[in-house]
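Down below are the structures I want you to see.
There are two complexes below, and they share chain A, which is joined by chain B in the first and by chain C in the second.
Our next item is the complex of A and B:
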C-alpha cells in the first residue's frame, strides 16, 4: 500500500516533467491538424467577402479539389518526385557509395565528407546553388560541361523541370542514404560471407542472395522515412522553380502554399492539406508498426 | 579477398574509385561555384575561375545589406529555439523513459506520427492560431507599453515577432528531440537515481546533481539536430516574418534573388556561404549521431 502511493506520486512527477513538451505539441501541432480538417469544410479566405464571414460549406472544397486538374497534377508531380529521388535516386547512389567505400580506398574519409556535404546545405542554399548549375541556357554550368564534352545542351529547367528538381533532391540525400546503408552493411556478419565463399558463390550471387535479403528491413525503413520527409520538401523546390514552369514542378507542399498564400483561399488550401496529412499519416502508421517500437 | 582472383579484385577497386570520384564531383560542384563566386570580383551565374579574388561581396553584405542583422536574427531565433528544446526534451525524455503509466505508449506513437506531418499542411491553421495569440498578446501589452507598441510586439508578438518564430521552430523540433532523449535515458542505468532517492534527494536535486551530468551527450545530440533543422527552415520565417528588421538569412537570400533586374551573384553567393557555414559545423558534429537517431527520427 505504501509502495503504491509512492508509485502514484512518482508517475505524477513524470507527467509534470512531460507537461512542458505536451502543451506546445498539443496547441501547435495536434490542434492545427484537427483545425485543418474544420477549415477544409469552410470557405475561409484571407481577402474578400469570405474573409469577413466564413461559412460552413461541407464537402464542397473536396468536390472542387477532386475535379481540379492542378491538384491531380500536383499529386502526380509529388509521386514522381518522391519515387525518383527518395526511392530510386538517393537509394541507388547511396548504396553504390556505401558499397564502394567498403573497399580499401585511399581518401575514403574525404569521399565520405564530400558526399555528405549536400546534406548540410539548407534547402534555400541548395535551390540557389542549383540555379547556377541549371539556369541560363548555354550559360548554365551543366550546359558548359556538356559543351566541353561535345554533347548537346538544353534549357534544363524549362525542358526537364521535374527531372531536374528530382535530381537536386537526390543530390541532397545521397549522404544520409550512404551512412544508414553503411551501418546496415556492417551489421551483416562476416561469417555469412565466409560460408558463401566456401560454397563457391561469386560476388554477384553474394550480393543478391545475402546482402540484399539481410538488409531488406533496413532498406524498407529507410525508404519509408525518406518518402515521408520528401513529401514535405518545400524550400528547395520553391527556391529553384517556385512550382514552374507552368505547374510542372508543383509538388503538393508548393500547391498548398500557392492555394493558401498566393490565391488566399484558406479553406480550399486546407482541403489539399488534409489530403497531404492523410497520406503522410498512413505512411507514418506503416512506419511505426514496422519499427515495432520497443516502448 | 581470398577466393576472388586478384585481377578481378583490382578491377573492382578501380571501379570503386571511378564511382566515388564521379559522385563526389556531382556533390561538390555546386559548392565550388558558390565559394568561387563569392570571392570573384566579376561573379557570374556559371562556374568559372575568379577574375580576381576579392572580399568585397562579404564586406558589402555586412556593411550595406544588413548582413549582420540577418545573421544575428537567424542565430538568435534558432539558438533560443534550441535551448528551449534541449530543456523541455531533456525533462520529457526522462519522463518517457522512466514512466510506466498508461499514457506512455500512446504518447510515443503520437510523437512519431507528429513528426511525419508535412509543415506546409499545418501552416494555415497554425497561422490562424498565432494570429489569435498575437491579438491576445497585443491587447495584454498595449496598456503598458504605449508608444513602443510596435517594437515591443516585434519581440513578443506571435506574428512578425521573435517569440512566435521561436516557439513554432521549437515545437517543430520537439518530437525528434524527445525521442532522442527517451532512447538515451533508456540506456542510462537507474542505479544512480535510486541511490539518490535512498539518500533522500528530491526530484529537483536528482535532476540537477545526477541526471543533467549523465544526460549531456544525449542533450548534445538533441541540440545539434534541433539547431540544424531549425537553421535550415525556410517556410516558417517566410510566413511569420515581414518586418525588414526581423529578416533572417534564408529570407534575405531568397528576397535578394527576387530582385531580378539587378541580381548580384557575388553578393548572393556570399550570403549563401555565410548561411551555410554554421550548418556545416553543426552537421560535422552531428554526423556521429546520425545512425542512432535514424530508428526513431525522420531525417529533416
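Our next item is the complex of A and C:
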C-alpha cells in the first residue's frame, strides 16, 4: 500500500504523540525483558567468580530449570494459587459483591467500602497483619478465638499454607474484581431486563441469558488482568510464608526471587523469569484470541 | 538582581557546608538493633579519630536478607564503605567477586593484631593467601543442653563420646521427658545457619572432615558427608528434632526462643551468643541462671574425639570500590579495637579475638564468655574456598529434602553434589 503525503504526515504525528508512552515502555519494560533473556543465557551471579567474570552458558540454565523438581512444584503451586484466588475466589466473590451492590439496600455503601478496604493496606503490611491473625501459639488472633470457644489453636500458616495464602490473596483482590465487574454490570442496558421481565423471564434466566453473555467481555478482561497480576504476586506471599513451609507456597515469583537473591544465581533466576513471562504471554494471548476481546 | 541570586546561592552553599561537620562521610552497613547498639560507640570513636562522619545504615535482618541487599548493592557498585559479613562461608566468594579490599598489609602493620588468637588470624586468610577481613570476634559453637531437664529425668550430662552416644542421649531425652532431644539447624529458610550452625558441627568430626582439597576443589562425595546426612535422617525419622518449625519462614524463632526456654527442646547447637543473646540478659525470653541451667558439650566425633567449632563472627570488610579507601581501612582497624570487641561481646555474646581482653575488667565481668575465650585457640574450623556459599546453599537444600522426608542420606548427598556442580561447573568439584 502506497501512502500519500498526508497519510505519512499523519502517521508521523501519531508516532510523535505515542512517543511519551513508547519511550518509558521501551526503557522500563522491553529492555529489561530482553536483558533478562540475555541474562538467562549466562551464569551471572551476585557473588563468587561468576559475579566478576560471568560467561555465556547457552541454554544450560533452561535445561537445569526443566529438570528441577522445585521449579515444577512452583508452577503447580502458582496454578493452584491463580485458580483458587484469582479465578474462583476473587471473581466469584467480586461478582456477588457487584450484583449485591447494584441493589439499593440499607448498608450497601458500607459493604462496598468494607470490600475495598483491603486494597488500602500495602501487600507486605497486609501479609504481616494476617500473620498476626493466623500464626500458631496462644497470642494469634484466630488462636484466641479458638481458645475462647474451647477449641485447640491451629497454626494455620503451617497446617494449611497454600489455602491460607490463597484466601488472603482473595481477600485482597475482591475489591478490584468488584469495581471492574460493577462497571461491566452498569453497561448492561436496563431496557433489556425490562423487556425480558415483560416476556416472563425469571431472575435465573435473566442472569444466564442476559447478564452473563453481555458481561462476557468484561469478565474475560478481568480474567486476563487478574491471572497475569496474580502470577506476579510476590510481596504478600513472601511476607506471609517466604514460600514455605517446605516450598508448599513457593509460587513462581518467590521461586525466581529465591534463586536470584538468596541463592544469588542471577542467570538461573532470569531463566525462571523468562519462563514465567512466556506463561503469562501465552495465557494473555489465549484469553484475547479465543474470546476476541478488544483489549 | 544577579547579586541577589549570587548571594542566595552563596548562602545555600554555606548552609549546606555547615550542615556536615566533616568533609567525608563513611557509610557503614549494619543490621539488627543489638549490632547497631554495639557499634555506635565505635562509630563515635571513628568520627573523632579520623575526622569523618559515620553514617550507620540499617540493613534488613535476618542475615539472609542482609546479604541479599549488601551483595546487590556491591554488584551495582553503590555498596557501603564498610560492612560486616555474617557468615564466613560468604567471604571467599565475595573476594572472588572482587567486592573486598585487601587489608593484609594494614593488619600486619597494626600492633594490636599481634594479640589476636591464631585461629582468628587463620580464619581471616582467604584461599588466595591474602586477608580481606577484620576477624575481631569469633563464633565458638558447641551443643547447648538443658542441664536441669536432664538432671531431673536422671539422664547423664557427661560429654557424649561419639555420634552414636549423642543419638542415644537424644532418644533417652525423648523417651523420658517427651522433649525433643537435639536440634541441628536445617533447611533453606535458616539460610547460612543450616551449614554454619548445623552441618559444620558434624562434618568436622566425620571420617572426611574437610570439604575442600589441596587443589581448591570440593570433595562432597566423601563418606563423611553421607554419614552426616544419615545422622540428620536418624534424628528426623525418630522424631528427635522439631521438623515443622524449621520449614517456616523464621525457623529459629520457635525452637530456640520458645521451645528451648520452655524445656520442650533439650539440646541444640549454638554459639556463645546463646548465653547472652538467645537465652541470657539480652534475650526477650531469658532462662534464669542460664549458665548453670544450660550446659555445653563439645561436638563429639563420629567415632571419638571432641571438637569446638570456631568461625568468624560477622567479620568487618572494606568495599573494594569505595571512594574513601584509606579512611575505610583505618576505620576497619578501629573495628578491631579491644573496646569494640568487648562492646560487641557484651551485646551479642560472640567471643573477642584478642587475648588482650583477658586483662580488661569489662570483659572479666562477662563471666559467661571468659572461659570460652580462653579456649578459643583450640577451635576447629572448616577450610574455606571460593564457592563455599554455594556449598552452604546446597547443604540447606539437601537438609530441606530430609526434613520433608523426600529423600534418604544418599539422595541428600546427591542434591548437594548436583547443586554445586550445576552452579559452579564440573571443574569446581572432584
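Operating definition for what follows: the second predicted complex is superposed on the first by the 236 of 295 C-alpha atoms of A that agree within 3 Å, B and C clash if a C-alpha of one lies under 4 Å from a C-alpha of the other, contacts with A are read in each partner's own complex, and residues count from 1 in each chain.
Basically, contacts are C-beta pairs under 8 Å (C-beta built on N, C-alpha and C of every residue); 3 or more make two chains touch, one makes a residue touch a chain.
As the structure is a computational prediction, the values presented were derived from the model and not from experiment.
*Asks:* Answer with first, second, both or neither: which of chain B and chain C does A:47 touch in the superposed model?
*Replies:* Second partner only.
*Asks:* Per the contact definition in the header, classify A:246: touching chain B only (first), chain C only (second), both, or neither.
*Replies:* A:246 sits against chain C, while chain B stays out of touch.
*Asks:* Once chain A of both complexes is superposed, is A:13 in touch with chain B (first), chain C (second), both, or neither?
*Replies:* Only chain B is touched by A:13; chain C is not.
*Asks:* Report the partner of chain A that touches more of its residues: chain B or chain C.
*Replies:* Counting contacted residues of chain A, the larger count belongs to B.
*Asks:* Can A:214 be said to touch chain B (first), chain C (second), both, or neither?
*Replies:* In the superposition, A:214 touches no partner, neither chain B nor chain C.
*Asks:* Check the residue A:157 against both partner chains and state whether it touches chain B (first), chain C (second), both, or neither.
*Replies:* second
*Asks:* After lining up the shared chain so the two structures overlap, which partner does A:261 touch, if you call chain B first and chain C second: first, second, both or neither?
*Replies:* Touch status of A:261: both partners.
*Asks:* Quick check for you: in the superposed arrangement, does A:75 touch first (chain B), second (chain C), both or neither?
*Replies:* neither
*Asks:* Can A:130 be said to touch chain B (first), chain C (second), both, or neither?
*Replies:* Touch status of A:130: first partner only.
*Asks:* Overlap of the chain B and chain C footprints on chain A, residue-wise?
*Replies:* Residues 261, which sit in both footprints.
*Asks:* Quick one: which bits of chain C touch chain A in the complex? Just the residue numbers, please.
*Replies:* 64, 68, 71-72, 75, 90, 93-94, 96-99, 187-189, 191, 244, 247-249, 258, 386-387, 389-390, 393, 400, 403-404, 422-425
*Asks:* For the complex, which residues does chain A have touching chain B?
*Replies:* Per the touch definition, chain A meets chain B at residues 11, 13-15, 17-18, 20-22, 24-25, 27-33, 35-36, 39, 93, 96-97, 99-101, 103-105, 110-111, 114-126, 128-133, 135-136, 139-141, 144, 171, 173-176, 179-180, 183, 197, 203, 221-222, 225-226, 228-229, 231-232, 234-235, 238-239, 252-254, 256-257, 260-261, 266, 269-270, 273-274, 276-277, 280-281, 283-285, 287-288, 291, 293, 295.
*Asks:* What residues on chain B touch chain A, complex-wise?
*Replies:* Answer in residue numbers: 2-4, 12-13, 15-17, 19-21, 23-24, 26-31, 33-34, 37, 44-47, 87-89, 91-92, 94-96, 98-101, 103-105, 107-126, 128-129, 167-168, 170-172, 174-175, 178, 203, 228, 231-235, 239, 250, 253-254, 257, 265, 268, 272, 275-276, 279-280, 282-284, 287, 290-291, 294-296, 298-300.
*Asks:* Which chain A residues qualify as touching chain C in the complex?
*Replies:* That would be residues 43, 45-49, 51-52, 64, 137, 155, 157-158, 240-242, 244-247, 258, 261-265, 268 of chain A.
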